[in-house]
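One chain, subunit A, appears in both complexes that follow, with subunit B as partner in the first and subunit C in the second.
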Partner chain A sequence: MNTATVEQLMDIASKHFKVERATLTPDMDFFEKLGINSFQALGLLSEVEKNFHVEIPDYELQGVVTFAQLSDVIDSRK
Partner chain B sequence: MDLSGYSSLGEMLFHALSKNTDSPALIEADRDRESAVYTYGDMRRVVSTLTHALESRVSPGGHVAILMSNQSKWLLCASAIFWRGGVLVPLDYKLTPAEQIDLLTHSEAKVLFIEFPVYFRILREKYSFPPDVRIIVTEAPSKEKIAHERFEDLLSKAEAPEVTVAKKSRDDVACIVYSSGTGGTPKGCMLTHGNYLSQAQVLGTMFPIKPEDRYFSVLPTNHAIDFMCGFLLPLQFGSAIVHQRTLRPEYLATTMKKYGISHMALVPLLLKAFERKIKSELDAQPEWKRALVNAMMKVNRVVTARRPCHAFSKRLFAPIHEAFGGKLKLLFAGGAFVDASMAEFFYSIGLPVVIGYGLTEAGTVLTVNDLRPFRSDTVGKAIEGTTVELRDLNDQRIGEVWVQGPTIMKGYFKEPQLTEDAIVHGWLKTGDLGTVESSGHVKLLGRSKNMIVTEGGKNIYPEDVEASFESLDSAAEVCVFSSSYLWRGTSLTKEKLLMVVHAKDATEQSQVIAEIKERNHRLADYKRIDAILFWNKDFPRTASMKIKRNVLAEELKMQDANSIVEV
Partner chain C sequence: MIQHTFANDIFEIQLGTPPCNEIGSTFTHELGRIILEIRKLNPKVVILHSAIEGGFCAGADLREFYQGILSHPLDEAMVKLRTFLDDIHRVMNTLDTMPMPTIGVIHGVCFGGGFELALTCDVLVAESSARFCFPELRLGIVPGFGGIPRLRREVGNSVVRDLLFTGRSINADKAQTLGLVSQVVQPKKGLDVARKMAAQMSRYDAQVMAKAKAFMKQIPLEELEREKELFLEMFRSPAVLAGLKKFVESTDLRPYLA
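Now for the complex of A and B:
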């Protein structure tokens, strides 16, 4: 896990879902913690693509539930 | 449309691809970009080449699996399998690699068409393909060294000679469609060419498509609805199918506009996302405008009381229709219970939602709402040729739904006992509870058996989920139910996957919760446990130690629904 990526990712998620940044941690289950469904998570993916200048297929979100896991996906696409 | 002359899907598709040579058949979009268009002529050429390639890889009647997300190549490969006379095994790309390999092995497939990301994930997680399966990988990056054949290499061969379609009869198996993952017994529903041709005949007659129509394929094509509405029917009518490799709302809207999408099948979850979008935009309008829209909705309901009138509704609600591309005429809702008020809302703005009821064991739909008039509170009437009966009626005239008709599967692959249990003298026992009105409309009230359909349209088999939670350190035994099955007052659209846990130590509930949370992370999202009900007695069991679910459920129903612990 790249700390810089996961920190930036949580910044984006906090703005996107309008939640306190301090409540987010790399290993929390964002579906559970943020009460979102898979379609809402896809909305975050678009923000991620814009900010990190990568293209992530929806498929890559399969099995991803934490910011740490998502940051690994982002790094693998850089 | 008359499909009575065809004896197989291969014949039907061959004929369909031989017409309309220059019209688009398959359009592939990705994030506002168009990545591929196949005319009917192109499609025929590619399918011929693939069929030719299959001739040396699988014998007629051999099983060929597809493991891909929605895309043109899915339909190209499926068509080639049917032309070759093979049996198609459509596997769910959303399953875990372990489940995919288990089903692939069970299916006895000799060839697998698989897209690179799915292939890569299976290998990354250290799973191996069965050695006797020939793997053909699509879209593998050229820099990747892969140990299997590349799909693109098959297409780069010289033009294939004109192929002939293998002879099959209507009674031959066309597809083996799995309705369960690993853990429980894999249930491969053997659906025949006759099953599909009968279903296509009925649905094509009820909901004809025009050549200029465009179907947007967003449900997985291994799903019965997309297989019918997003593959067989549009090609039969000479219209085009649009695929997009992302379900993100912003790209859905632009694609719908760009290609003039007229038909779409979706699960209630996506329908709800559409509803939210429309309603949030309406809420942002001044009060007088909202009142006007409400009045217009009432007018529309009056004018379309007997049947939909797309032209009228579209004129009345032009900005809303434009937001969906301006051509959208019909939405097919599938896979899960559709909230009646949501369906009413869409009908009020002139976007009818066709609600039906089907099982993997019986093709796409057994009953469907014909929209004449629209009903949001039922799953429609039995389709032509299908009979619905209720058995074991209780005093409220609620019974188990049994069905008979030309779309009922031949049986479960390699499971004669399961088949015998499910189909009795030609009647399929659905395990669903319902009522039938004098008009023939069927209302479903819940499931008497174990299958749970999630809001996302996924069928869940509790045995399957329980298998994933086997050997929990803190639990003596577990059993999975849908919360709405236990407590009827709970809306079917807000059901929870509930695990009843008989803990080894009743004082260690926190350990159970922690273990279940940890297991949840390893599972596909639709299989995750939402809540726990702690139980301090041994489960009732049969002589062969199977849990007597019905007996346990009756006891659980006496419990307070509020005593569950969310995880």
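Now for the complex of A and C:
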């Protein structure tokens, strides 16, 4: 896990879902903790793709539920 | 509910059926009624947009499809489905071939039938939140409202196969790179941008515009018919009913990411 990536990712998620940044941690299940559905997750994905200048196919997100896991996918696409 | 306004030669269609403008028989009937208004008023430009926060359109009303199969013998359900498909094709073909330019404003979810509806428009303006997807293969079917022929009309076959075979979604920037979207704008700015574009288009002679459009944009009628038949053939499979049941009854928060 790249710390810089996951920190930037949580900043983006905090802004996107309008939640306190301090409540987010790398290993939290964001579906469960934030109560978001797949459409809302795809909204985050658009923000992630824009901010990190990457393209992430949905199928690479199967089983990805934490910011740490998502940051690994982002880094693999950089 | 679908509403419309008409001012300064510009006709605006506003989709506003919760949860996210799912396309079923009522939606199709309402859109058909709006088209009659367009024919009557003969605007110079048409704008199609959604007032639903979640997006442009989440696709076909799968609950209606599922209930239709459950509540009728299969042969009878298929007759009703064919009638519905004929109706939605008629509506989409009419939108596709209207003599005046049509501008689609896309934000958020633009999936399945919603993507197919967007592809009838001449020009797409996408807000940065937009995501485009054909998830039909997850249900064991192909798009049935004209999605494949219209996507093929706009982009290369490799892209069509990638999007169809994986069911992945793409963002607004990618859609612009592919040539599906002409302008990408900030969230909530799409309609403003479309109105400015429409005002510019409305300055030109309607007859010239109609001839230019007819020359540039042909409708792939034969392929549309073949897609419809393929969809109906696939829909008879028990796997489709199982797929619909799973989707409709799912409480999974991430059905599109599973």
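By our rule, the second predicted complex is superposed on the first by the 78 of 78 C-alpha atoms of A that agree within 3 Å, B and C clash if a C-alpha of one lies under 4 Å from a C-alpha of the other, contacts with A are read in each partner's own complex, and residues count from 1 in each chain.
Rule of thumb we're sticking to: contacts are C-beta pairs under 8 Å (C-beta built on N, C-alpha and C of every residue); 3 or more make two chains touch, one makes a residue touch a chain.
Since this is a predicted model, take the numbers as computed values, not measurements.
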Based on the superposed arrangement, let me know which partner A:I36 touches: subunit B (first), subunit C (second), both, or neither? second
Look at A:K50 in the shared chain and tell me whether it touches subunit B only, subunit C only, both, or neither; answer first, second, both or neither. second
Now for A:Q62: first (subunit B), second (subunit C), both, or neither, which partner does it touch? both
Which residues would you name on subunit A as touching subunit B in one complex and subunit C in the other? 31, 37-39, 42-43, 45-46, 55, 57-59, 62
Considering only the defined contacts, which subunit C positions touch subunit A in the complex? 54-55, 58, 108-109, 128-131, 133, 166-174, 252-258
Along subunit B, where are the residues that touch subunit A in the complex? 31, 69, 93-94, 96, 117-118, 121, 245-250, 269-270, 273, 456, 517, 521, 524-525
Listed in rising order, the residues of subunit A that touch subunit B in the complex are 29, 31, 37-39, 42-43, 45-46, 55, 57-60, 62-63, 65
So in the complex, which bits of subunit A are touching subunit C? 31, 35-39, 41-43, 45-46, 49-50, 55, 57-59, 61-62, 64
